[in-house]
Amino acid sequence: MSFVFYILAALTLAGALAAVLLKNTVHCALALTVAFAGLAFLFLQLDAQFAGFAQVLVYIGAVAILVVFAILLTRGSETPKDGVYSRNWLAGLVIAAGVFAALGWAVLQSVPGLPHETAAPQVSVLQIGNALMTRYVLPLEIVAVLLTLALIGAVIVAMHQKVEAQ
Amino acid sequence: MTPLVGYLLVAALLFAIGLAGALTRRNAILVLIGIELMLNAANLNLIAFWRYGPHPELLTGMMFAIFSIAVAAAEAAVGLGLVISIHRHAHTTDLDAMNRMKG
Amino acid sequence: MLGEGILKGLWETAKNFTGSYVSADRLTTVEYPEQRIAPIEATRDFPFLVFDEENRDGGDPVWEAGLRCVACQICEKECPPKCIYIERSKDKKLDYLGKAQYYPARFDIDISVCMSCQICVEVCPFDAIKMDTEFELSTTDRFGGLLLDREQLAKPNEYYHKIHPAEAAGVDAHLAEEKVKADAKAKAAAEAKLAAEAKAAADAAAKATGEGA
Amino acid sequence: MSATLDQIFVLLQHWLVSFLPAVLQPFVSVLLGVVVIIGLFPALFAFAVWMERKGLGRIQNRLGPNRVGPFGLLQPIADGIKSLTKEDIVPLSADVVVHFLAPLVLVVAVFMGFAVLPMGRNMVLVDMDAGLLFYFAMGASTELSIFMAGWSSRNKYSLLGAMRAVAQMISYEVPLLMSSVAVVMIAGTLSLTKIVAAQNSYSGVFPHWYIFTPWGLAGFLMYVVSSMAETNRSPFDLPEGESELVAGYFTEYSGFKFALFFLGEYLAMFSISGLGTVLFLGGWSAPFSFLTWVPSWIWFFSKLMMSISVFIWIRGTLPRLRQDQLMNFAWKFVLPMTLLNLFVAALWRFLGEGWERWVICSVILLLAYVVLGRTGMREGKFGPRRYRYAE
Amino acid sequence: MTDSYRVGALANDKNKLEGWNRPPVIEPDGEGELLEVAMGPHHPSTHGVFRMDIALDGERVIRLKPVFGYLHRNHEKIGEANSYLASMPYTDRLDYICSLTNNWAYALAVEKLAGQAVPERAEYLRVILGELTRVQNHASSIGFLIQEMGASGTPLMYAYREREKILDLFEAITGSRMMCNYMRFGGCRVDATPAWLDAARKVVAGLPGFVDEVDRLLSSNEILMARTQGVGILRPELAINAGVTGPMLRASGVDYDIRKVDHYSIYDRFNFRVPLGDHWDVYDRFMVRMLEMRESIKILEQALREIPGGPIMDPKAKIRGFRPKPGEAYGRIEAPKGELGFYLISDGGPNPYRYRVRPPSLINLTVLEDMALGENVADVVLIFGSVDIVLGEVDR
């Protein structure tokens, strides 16, 4: 089924590239959702149903919408006059290329040592739930607290001016 | 099935694209988009390793990915809140223009 | 408590929903082209000209001779939107009282302008113009088609009786009364001219039989 | 006989598939299911539009459509032909690609939701273990298409409508999820087929549907409210409130694309009603134990149509809220109620059998309802008034 | 003027008026740009052709400029060019929802000018038709108000269902459903038959049920209360100073009903009350209309019970060649929308020298901006609906 994998990988990467390259910020955000959707499908390919659906729910349902809202609130959809790329974009590109080269080299180097194909694991939601409540209960609680704090923090940060004005 | 290396290479490329985006774009929101992409690349790695790892029934990689998704949501919320706040203050989201610590 | 008013409203609409199936009082819709409400006595739409139908040519009444209108142009003057156009005739003809009167050589009503106010009917001293109940007057010719001329406007007294029976009866009684008065006058005058008297009497007889029928 | 009738569609599918080589069989059977869903629900959409127009008409003491076909039944088809043959207008300054994609994304995302809905015994396209999660993931994707529609039209009204719609859908997604989570907690599964199976038992003649428990009823009411908001139905139809925003996010759409939006909206209503049926109304199970011989899919679809009629009824009765009131209602009333409901559901589970749990749970919920309602009315500064007369 | 003329009392009370200033023009908070929206004349929320140029800060209204005149038809000039009688059908077209009260006000002005008396039966008929007009106007105005709130027109359809019955009555007596052209100087055009009176009694007997129905459907509806209470507040001082009349003024708590103040026609004979609002908002306007419908039904019941026989026309009245003596007169009535007045100057000719209409719709509309400033844009539509205007009367 590697054919499906290639399509999905191409979709994801094309989405990501578009998200980084396009001029119009809203188009970038929409391309980003394509990348997210591709990733979710890749997760499904990897038999991680739960993670895949969570990816769609959180990234497409929430993060993408947040990004879009932020773009509209900051009038980011108007293409700026002096280019969309930073002054030192070349340096950034070089660093990114370097990182990719290093990562790719590392991956290709370790190909022989990589684990072999295994049978698809049968993971039910029940198991995930049980794991969350037993083994991973501490991280779960921490994430819960973190999310609450992030929620409050985001509200305070964004509301800052309004409170002052009153 | 696709071998693990395929997923790892896709993740590496995605990470690099995200990094390039974060480093080269002017708009703060697009920088955040780049960071999201990098996080997603990490998630892909986690899931791939979980799938091909020796003990998928322990769910370690999957859990990591799920927690990472949750944290990413928080990061996005706070990050975008900051961007909006900065925009209120400086009336721009251009990172090159935000070169002063004083408003 | 929150939601109470909403529940009351829902109950009310449910009652109306079922009510529209069972009670004619609630479902007042009339599906027009198939179902029609009979026009009621008082209905008014556009004016028409009444003619008396004693002058018959074969079976059909001759509208032109029987027109009650004497082209006095009061309605033209009083019409609020000024949609009546009258041209008085050069010659005169005898009306039902036996008086020589002008008649309208041209009598047009632009019903695209007319606002159905009935003022022409009220001001007419000769009961010559009345309100019609016909409303399906749409036409593809928006200028000529809506400018009605004498011939299109003229409708027999019978028709008037059909659409406004009570009102028409009153008008006829009034006209008959005037006629009787005029006859009495004419009789007094007729002493002088015998030949004219005979003619008038013949006319009156014809009129009376026409009215009786 | 009744068992055959119950499974007629499943048997039909098996029979059709059996002609094919074994390799193709799973693929074709899924494809068949997809084709049936894509065919069935638009037909149901046409029927629901007719029902809505007729029902609203009767509620308003009118006749409703009655010219095309018997009882006006063919009216939706006439409307469909009309919208198909109309000119497709795209605003000059619109973002053509996004403008084109928006309705497609919406319809696709909405159709995906049907994949996990069990429409009868063994009648589910994909029996997914995380079915509910899948459903909500798909539901979340529709918001993006609405944003795309509003943003790409380059129209103030469209953009405002889209922003409203997205904000509203996000706000009400939380209580929607929360009220469903109570069911998940009690049923102990995210799989929709298993949730139905958990309700498919009877004590005496009465079924064990979740709506017949205090937390289930409260959850159901909250679910109904949130689902109305989620599908932009009256009284939460602000995104397309014609007195303010002309037609909201699809102001600049015409012809077939407009029809697609319309279709998407109704399909969302079907799927959310279907989910509500599955979660609270026992899905395809019969309402009385002596009626179990009636085919299961009949029950599912009659419950679906019942909830559609309730949607129509409410639309015919209520005026719409204002944006800030809508948000306040979501965050200050519906969400706290669903959270409390979650707690009550847990309590219900731990109190065990017996009448005490009925009393305790009902009292808690009623009290919370009254208190929250009162607070809401006081904060909103509204309530019934008395009037005086001049001397 | 009697002591019940409270407006004058309040207007003379300097202390009360000094505290009043025009509400300050609201300043935007400087964040983001103002959004200029032109609501109408093709916006689906506007009654007829009316435009509101609104400046929005977010959803808050910062400025509101009403633009009207799209329906201007030279009504007053036509009135000066036409004979007295010929203006009567034109008055139908002012406020085309309630043509009978327009007729009445104009007839009243001309009767004052010519010094004509009206027979008693004609007065009763005028009261009956006027109050029927009020009921159907208030019913449809409530329906439209709720329609603005997006109730799919259900209350509007109920209002129209009852209005249909009332319009049938109008047609049976005047010959036309909306453009009645019924009243004449010195009486009425046609007499009511006993059958008509019976039909009217039947319709009136059904009206309380209708009002109850609308009451149950709407008055305690939480959404309606939340939407309308505290919205579009019109302070009584401003209402008086702006010349607002009718249910709008009474909803602002000012006891001013021309039926009680002017004692015109035979309203003194009837027992009815004037409902007043204490919160001055849209809900009060809605409820005052609701309660006024009930009072009108009471008047109708009394009038239909007591109507005497006799002529319906002043025998001295002239249809043709009507030329009143030189002079001037102002006739006003409590039309459903407020004080409707006609001011006429005669120079002895067949047509008025000056013909002036005081339209309640236009004058009530002048406070639109004051009511809408600082409110949510969604409420502007509501506030506009609560003014209850007919563009035919605003633009004339």
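For clarity, chains are labelled A, B, C, D and E in written order, and residue numbers in each chain start from 1.
We take it that a contact is a pair of C-beta atoms (placed from the backbone, for glycine too) under 8 Å apart; a residue touches a chain by one contact, two chains touch by 3 or more.
Note that the coordinates shown come from a computational prediction; the quantities given were computed from them, not determined experimentally.
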(request) Please list the single chain whose C-alpha centre lies closest to the global protein C-alpha centre. (result) D
(request) Skim through the chains and flag the pair connected by the most C-beta pairs in contact. (result) A-B
(request) For chain A and chain E, let me know how many angstrom lie between their CA-based centres, rounded off. (result) 62
(message) Can you work out the whole-Å distance between the CA centroids of chain B and chain D?
(response) 34
(request) Could you grab the centroid distance between chain D and chain E? Build each centroid from C-alpha atoms only and quote it in angstrom. (result) 44
(message) Counting only residues that touch at least two other chains, what does the list for chain D look like?
(response) 59-62, 316-318, 377
(request) Name the residues of chain E that each touch 2 or more other chains. (result) 31, 154, 158, 161, 217, 219-225
(message) Touching at least two other chains at once: which residues of chain B meet that condition?
(response) 88
(request) Enumerate the contact residues on chain E facing chain C in the complex. (result) 82-83, 85-90, 92-93, 154, 158, 161, 164-165, 171-176, 179, 181, 189-190, 206, 213, 216-225, 319-320
(message) Residue numbers of chain B touching chain A in their complex, please.
(response) 1-10, 12-27, 29-30, 32-34, 36-37, 40, 43-44, 47-48, 50-54, 56-59, 62-63, 65-67, 69-78, 80-85, 87-89, 93-96
(message) Quick check: in the complex, which residue numbers of chain C touch chain D?
(response) 1-3, 6, 9-10, 12-14, 16-17, 19-21, 26-29, 31
(request) Spell out the residues on chain E that touch chain D in their complex, using ranges where they run on. (result) 35, 37, 43-45, 59, 146-154, 157-158, 161, 217, 219-227, 229-230, 255, 257, 260, 273-279, 283-284, 287-288, 291, 376-379, 381
(request) Report the residues of chain D in contact with chain C in the complex, numbered from low to high. (result) 55, 58-63, 66, 313-314, 316-318, 369-370, 372-374, 376-377
